[in-house]
Every structure is written in C-alpha cells, then in structure tokens.
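Quick heads-up: structures coming right below.
One chain, chain A, links the two complexes that follow: it is found with chain B in the first and with chain C in the second.
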Partner chain A sequence: MLALDLLLQGIVQGAIYALIALGLTLIYGLLRILHVAHAALFTLGGYIGVIVTNETGSLPLALIVAMVSVGLLGIVIYRLAYKPLLDQSPLVALIASIGLFIAFEEVFRLVFGSYGLSFENPPLRTQVNLGGGLLISHSKLLVIGMAIVILSILAWLSTRTRTGIAWKATVTDSQIASSFGINIERVRYLNFFIGSALAAAAGVMVALLTNLVEPTMGAVASYKALAIIVLGGLGSVRGTLVASIAIGIVESFGTVYVGHILDRDALAFAFLVIALMIRPQGLFKAG
Partner chain B sequence: MLSVKNIQCGYGDIVAVHDLSFDAAAGEVFALIGANGAGKTTTIMALAGHLPPNQGSITVDGCDISAGPARERLQYGIALVPEGRRVFPDLSVEDNLTVGGHTLERARLATNRDNVYQIFPRLAERRSQLAGSLSGGEQQMLAIARAMMADPKILLVDELSLGLMPKMVDECYQVVDTLKKQGLLIVLVEQSTQRALDVADQVAVLESGHLAWQGSGDEARTDSSVVSAYLGT
Partner chain C sequence: MAYEVILLTTMAIMVLFALSLNVITGFCGQVSLGHAAFYGIGAYVGAMLTKAGWPLLIALLPAAGIAGLIGFFVGLMSLRVRHDFLAITTMGIAFLFVGFVRKQEWLGGEIGISGIPAFGFGRIGLLVVALACAGLFAAVTVYLKRSWMGFGFDSIADDEDTARILGIDVPRFKLWAFVIGTAGAGVAGALYAHHVRYIGPDSFGFVESVTVLAMVIIGGIGSVWAVALAAAVLSVLPLWFQFIDDYKLLIYGLLVFAVMRFSPNGIAGALQSFRRRLR
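Showing the complex of A and B:
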C-alpha cells in the first residue's frame, strides 16, 4: 500500500516536472538556448493562479488566465531578450536568461511580497478513495489528469496536424524547414507560447498542492528541469517525459527509504549522475 | 529561366564564390562540379536563399530573387535537395513529404504525395517508417521526393551520389533523367564527376571559388581533358 502511495506521489511530481521541462526542451531543441528564466514563468503562473482564484473564485478561469498571459509573456521574452542574441554564442543568451530569472524573482518579491501568497479557500483539498484504502486528493488527481490531457493534445498536434508536423521539422532542422516555406519565426512564437503556458499550468498545480506561492519557488524547478532535460537527452521530447516521471518516482521512494541520508533534491541529482554515467548521451538521443 | 549574374558569396570576410555567372533553361541538367571546398554548396545555398550574395543577382524568369528569403523560394519554383540529404529523421516518410508540401492546399498535398509515391514506390512501402531508419539511398530519394512535393520548376541537388551504393546511384540518376524529361531544370552538384557529365547539358567547373571552365555537356564529354585538368582525375 505504501509502495502504491509512493508511486502515485512520484507520478504527480513527475507530471509537474514534465509540464515544466517540456517547454525547456522544446526551446532548447529549437534555439539551442538553455532558457533558465523559464522557471520564473512557472512561478508567475502560480501567482496568477492564486490571485485570479482568490479574486473570482474560479480555478478553471485562473488556469486559463495564467496559461494565456504567461504564454504571451514567453513570446515577449523571446522577441525582446533572445531574438537579438541569436547570432551570438549560446552563452550570451544563457547569461541573459539567468539575469532575467533573477530579475523576475526580485520583481515577484517587490510586487507580491517576500512571504508568498496562499488560496483564501484552498480548492480541491478533499480526498478520493481509489479503492483499497488508497487515498488521493482531488488536486493530485487534477494534476495527473491535466498532464495526460495536455500531453495528449500535444501528441495529437505534433503527429496529426500539418502545423504540428511543421513544428517538429523546424525543431529538428529550421534551415531546411524554411526551404519548404515554413515560417520559422512563427514556429518560434508558437513554441514559446506553448512551452510557457505549460510552465504556468505547472505553477498553478504546485500552488494547489502546496497552497503556497513564493518568489523563490522557481529555483528548485529551474535546476531540476535542467537536470531532467539533460537526462532526457537534450532536445528530446520523449526523453524529457520519461526522465520527468523517473525523477518524480525516484524522489518519492528515495525520500522514504534513503531520505535520512540524502534529501529530496540531492537524491534527484544522485540519480542524474548515476544515469548519465550509464548513458552519457541521456535516455534518448536528441531528435 | 534561371539566370545568375556575377554573384559573389561568402561567410563574413571570407569570399567562397567569386564572380559566378551562368544561365540555364527548363529541361536542362546544369552540372556544377569541382573539388571539395570549391564553393559548390555555397553556390547552391545562395540559389536556395540561405546565403544572400554580397554582389550580383539571381533571377528566375526575369524576377530578381537575390535577396529574397529561403522561405519564398518555392514561390519561384526553386526546391532544394541539400548536401547530406537532411531529411527529418524523427518524422515518418509521409510526414517528411507533408513538410515538402507545406505550401500546398490539402487536396493538392494528397495528390502530389500519390504522384511522388509513383515515382518512388520504395518510399510508398516505407511511408510510416521514420526517415532516420532509411538507408542512405532511400534517404536521398526521400530528399528528392520531398523537394518534388511543391511542383518545383528548378531542382537544386547538392551531392546526389555522395556516400551511396552504386545501385542507388543508378536509381538516383534515373530519377534525374525522368525529371529532366518532365521539363525541370536541375542544378546538379557533384564531386564524382563522371556520372554528372553523362547527364549534363551544361557544365561549370569551380576551382577555389572561381569559375575555371564552362561549356556544354558535349564539349565536356568529348574534350574530357578540359575537365580532368581542373579536377585532377
């Protein structure tokens, strides 16, 4: 029973990592930029989720507002911060991204205060019995359900629609894609919009689970998502998904069985180090 | 149909192609040959819009397209089969063709895909296979098929036979012959020259970015000393 419980917990955590890391891996695949500031968009999503829910009482509305507005902000970040740097070494964009991330954290502190925000009436706290005494909160169910729905939509988009196929082609080889009339600038916008919206959704989910958003909540997300996309084989979507769930599950079991030696984050990195020793190219080769 | 006038192309301060001019018409094979590093790919990429020339002009049926972006080349009927094939490895054969026909309406996309499958039955058999899992020769065919999807008038082919098994080279050249008979202009870049010379209507030899020799295919074939002098064969 404990094992099942831990597995479920790991999947919930892994689903959140997947939502964050997916945008990161898509952006890396397309532009070869490590978009560290992505984690700030995750935090912002959490803030918007809590604030809109508190103002309107509607969690679904909050989720939509968070995803759309943060998605648009992602496009703005690409346009203003990254696009002018694309001709430079990727290190320049990386430094810009780290700067942006720190700036965002400070802005959160100034605008929303250092102590963080919580839901006035925390939604979806009730537990459901999955049978056999296995309990799960509605919010965790929502996280898993959301992840499944979002990933299915993306899978459908990228395999069944011409826009999605063009998107994948552009991520693999934008120069050749442009030769076939694909507007790669538009693909980049789409990419930043979707990636950022997913991070915002993850932010709202974390807010739901912990009932707290604070300025620095993106810090752990930022380095762990980086670890995940490296483990997944930089730029590989499938690898990122597998690595997210794997790290979620390792953390969940690890904290119980070896938690007295290594804390949760140390565990994730120990796993990363061992996995990369066995497969230096990551779980999946980048596509 | 395709007219190149005094183009100069390069990378930053490096000039890779100096003062190149040629004209080529529909139904021709224009062979651009030369040793490794001679500037063939640079020329092809300039024609494809990936490397705007520093000087000179490229016109198609009188329209100057020198500075136009690669994305608009298909509007002028120019399609690219790039060096190294560069199929999209994690897309299926069918999806690679869908990308090739990105600019087409849905109905045309399906028709053209069927046409292309008729020219390349081998691709039809492998339509749901990932392009990355195809052999080199099959990938080259896919690269050609992908370029054919948008009904081009001018096909730019960079290194048709490089790294292919002899049997595949034969098949690829048969396709070139078929397309030429359909009235396409094919700009064909090759390092291994003999096969290219066999099909060429016009030949240009590049040497360190300079046009070293230019003439008809017949001249090049009868007076092969001209070509071998430049290529050291």
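Showing the complex of A and C:
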C-alpha cells in the first residue's frame, strides 16, 4: 500500500513539474536560452490565483486570469529582455535571466509581504477513495487532470492547426520557416505566451496543494525545472514529460528509502547526474 | 578600522573565488553552475582541520587538495556532457554536496559548524593571507593565460571539435582547468570559513554558485583584471546598499540584468568599446 501511495504522490509531483518544465522546454527549443525567470512567472501565477479566488470566490476564473495575465507578462519579458540578447552568447541571457529572477522575487516580497498568502476557504480539500484504502484529495486529482488536459490541447495545437505547424517549423529551422512566409516573431510571442501561461497554471496548482504562496516558492521551480528539461533532452516535449514524472517518482520513493543520506533535491540531482553519465544527450533526442 | 578590514577580507576572498571559476568558465569555456560546492568543500575541510588543532596556513593545502580532487572527477564528467548539459550537471553536483552535508551528523548537519577558531594572527593577519592568496592566484592565472596551456584552453573555449582535430589534447586541458579552478575555490572556501567562523549547508547553495558566475560574466569572460574588479565591487555592493535596506536585493538583481542587457560583454567589453570610441 505504501508503494502505491508513494507512486501516486510521485505522479502528482511529476504532473506539477511537467507543467512548469514544459513552458521552459518550449522556450529553450525555440530560442536556446535557459529562462530562469520562468520560475518568477510561476510564483506570480500562484499569487494571482490566490488573490482572485479570495476576491471572487471562483477558482476557474482565477486560473484563467492568472494564465492570461502571466502569459502577457511573458511576452513583455521576451520583448524587453531576451529579444535584444538573441545574438549574444547564451550565457549572457542566462545571467540576465537570473538577475530578473532575483528582482522579481524581491518585488513579490515587497508587494505581497514576506509571509505569504493562503486561500480564505481552501477549495477542493475533500478526499476521494480510489478503492483499497488509497485516498487522494480532489485538488491532487485536479492537478493530474489539468496536466492531461493541457498536454492534450498542446498536442492538438501543434499537430492539427496552422499555427502549431508554423511553430514546429520555426523550432526546426527558423530561417527556412521564415522564407516560407512564417512570421517568426509572431511564433516567438505565442511561444512565450503559452509557456508563461503554463507556468502560471502550475503556480495555481501548487498553491492549491500547499494552500500557501510565498515569494520564494519559485526557487525550487527555477533549478529543478532546468534539471528536468536537460534530462528530457533539452527541447524535447516528450522527454520533458517522461523526465518530470520520473523525477517526481524518484523523489517520492527516495525520500522514504534513502532520505537519511540525501535530501529531496540531492536525490533528484543524483538521478540526473547518473542518467546524464549514461545518456549524455538526455533521455530523448531534441525535436 | 575593523569594519574596513572585514570588508577588504570579504573582497579578497570573493576575488579569489571568482578568479578560480574564471579558469574553468572564462579560459576553458566550461560553464559551471555549481562552483559553490568546491568553495563549500574547502570551507568544510578547513574548518574540520583547524577545529582538530591544525594551523590554518597548513589546513589550506588539504582544502585545496580535496576540492581539486573532487574537481578532477567533475572534470571527468565534463568529458562526457557538454554545454548546457554540463552547466546543469555541475548544478546537480552542487545540490548533491549540499544535500549530503545536510544529512551528515559529523559535519554538523543542518546546523552547520560553529566556533571555528580564529586565525592565529588576528583579523589583519587573515586579510594579509587572503590578499596574498588572491594575488598569487591572479598572478598564476595571468601566467597561465599566456602559456601554452592558456592557448589550449582558448582553443577549447573557441571550438572544441576543431581543437581536437588540430591535435590539442582536449581531455587533459579540461581536467587541468577543473583541477586548478576547483583547488582555488577550495582555498577561498577555507579562508571564508575562518573569516565568518560559522558555516552551514545554506552558505554554499545555488545562489552562491550563481553569484560567482555572475561576477565572472559581468567582469567579462576570461579577463583576469576585469573579473577581479567585478568580484571586488559586487561582493561589497549589498553592504553599500545598506541604506536602502529593503530594496538592496532588488537593486542588485536589476543591476545584474541591466549590465547584461546593455553591455553583454561585461565591464571588459564596455571599456574596450569606450576606448575604441576615443580613438
């Protein structure tokens, strides 16, 4: 029973990692920059989710507001921060991104206070019995459901619509795509919008699970999401999914069985380092 | 007076730390997001040894040696993974180090090591040692840069595959870069431990790794004096901003961002283009 419980816990954690890391993968796949400030958008999503829910009492509305507004902010960040740095070494964008992330965290602390916010009436706290004494809360079910729905929409977008095909073409070879009349700049804006909106959705989900948003909640997202996209093969959407779930499960089992030697983060990274030594290009090839 | 001595010691230690990363990232082009781990290894080795009665000056050697030895193994990893993959692998090493230390009772666990003995020759003595170490390391790296090894580093940073075709022994140079760089960080760490006289797992986290990388890049990759200058300024910047206490990290973050946004080649690059404009 413990094993099943841990597996479920790992999948829930993995679903959240997937939502955060997917946006990062999309951005890396297109622009080859490690977008650390993505984690700040995740935090902001959490804050907007909690504040709007508390004001209006509607969680779905909060989710939509968070995703749209954070998505727009993602576009602004691309336009003001990354676009001018695209022809520089990727390190420059990385450090700029880290600077932005520090600044954002401080803004959250100054604006929302350092103690964090909670839901006034935490939604979806009730438990469901999955049979055999395996209990899961509605909020966790929602997290898994959200991940599945969002991923399906993305898969549909990228294979069945003109926009999605333009997007894939740009990722594969932006120069040729542009000579076929694809507006590269539009694709990049769309990419940042979707990626940032996904981060916001993940922020709201984490807020639901822990019933707490605080200025530093993005720290975990900042480095672990980087590890996940690298493990997945940098830029591979399928790889990111597998890596997210794998890290989630390794963490939930590891903290129980080897938690006395290494802490949670170290376990995830031990797994990452070993996996990369065996497969230096990540679990899946990018594409 | 005492305040200035502490400030200068902090500066000297950070300059040494940044210069050590500069060998790996600046000279040899291998990005490390986990350099604080080696700073931490040096700090723990140094602190354990002086608590066991060793004099600091002698404890510096094993601190450098053990950090360099582990750096050698991480260097071996750099032969297997490259670019962004290497950056994230080194970040992983740093988290492994912190996660490991956190769970070890004999290393103080979560609480860390306190009551590290003061340096026998006092605060001024420590400042002199720190300045000497930083100066010596700077001199060594300036020499390295001009030597055949520096040329090898340069070629790897530029284009590893071409370097290999030209017959440059890429693995050997990479390993040297890692050993020299991590040993330097070990010395810096041991000095740091005796400067603040308390260390814990949180003193060597991701933020510290990123901060030192920011110093190297803001200075201007590869340039010894510019990296030293950036490290000296950035290490005491938060202290100068004390008067705007609540906003100091915000300003720091924005400053890091602004330097990259408006002068992507760092201080060295900005001065170079300024000089060109004068002509």
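Keep in mind that, in the parts below, the second predicted complex is superposed on the first by the 287 of 287 C-alpha atoms of A that agree within 3 Å, B and C clash if a C-alpha of one lies under 4 Å from a C-alpha of the other, contacts with A are read in each partner's own complex, and residues count from 1 in each chain.
The definition used in the following text is that contacts are C-beta pairs under 8 Å (C-beta built on N, C-alpha and C of every residue); 3 or more make two chains touch, one makes a residue touch a chain.
Being a predicted model, the structure only gives us computed values, none of them experimental.
In the overlay built on the shared chain, the residue A:I77 is in contact with neither chain B nor chain C. Look at A:L142: by the touch rule set out above, it reaches neither chain B nor chain C. Here chain B and chain C are compared by how many residues of chain A each touches, and C touches more. Legend: residue contacts after superposition of the two complexes on their common chain; A:L110 is shown touching chain C, with no touch to chain B. In the superposition on chain A, A:F180 makes contact with chain B only, not with chain C. Residue contacts after overlaying the shared chain place A:A243 against neither chain B nor chain C. Those residues of chain A lying in contact with chain C across their complex are 34, 81, 84-85, 88-96, 98-107, 110, 219, 222-223, 226-227, 230, 234, 260-270, 272-273, 276-277, 280-282. Chain B contributes residues 48-50, 69-75, 79-80, 82, 86, 88-91, 95-96, 98-103, 109, 146, 149-150 to its touches with chain A in the complex. Put simply, chain A touches chain B in their complex at residues 159, 162, 165-166, 168-169, 172-173, 175-184, 287.
If you check the complex, the residues on chain C that touch chain A are 31, 77, 80-82, 84-85, 87-89, 91-93, 95-96, 98-100, 102-103, 206, 210, 213-214, 217-218, 221, 246-247, 249-250, 252-261, 264.
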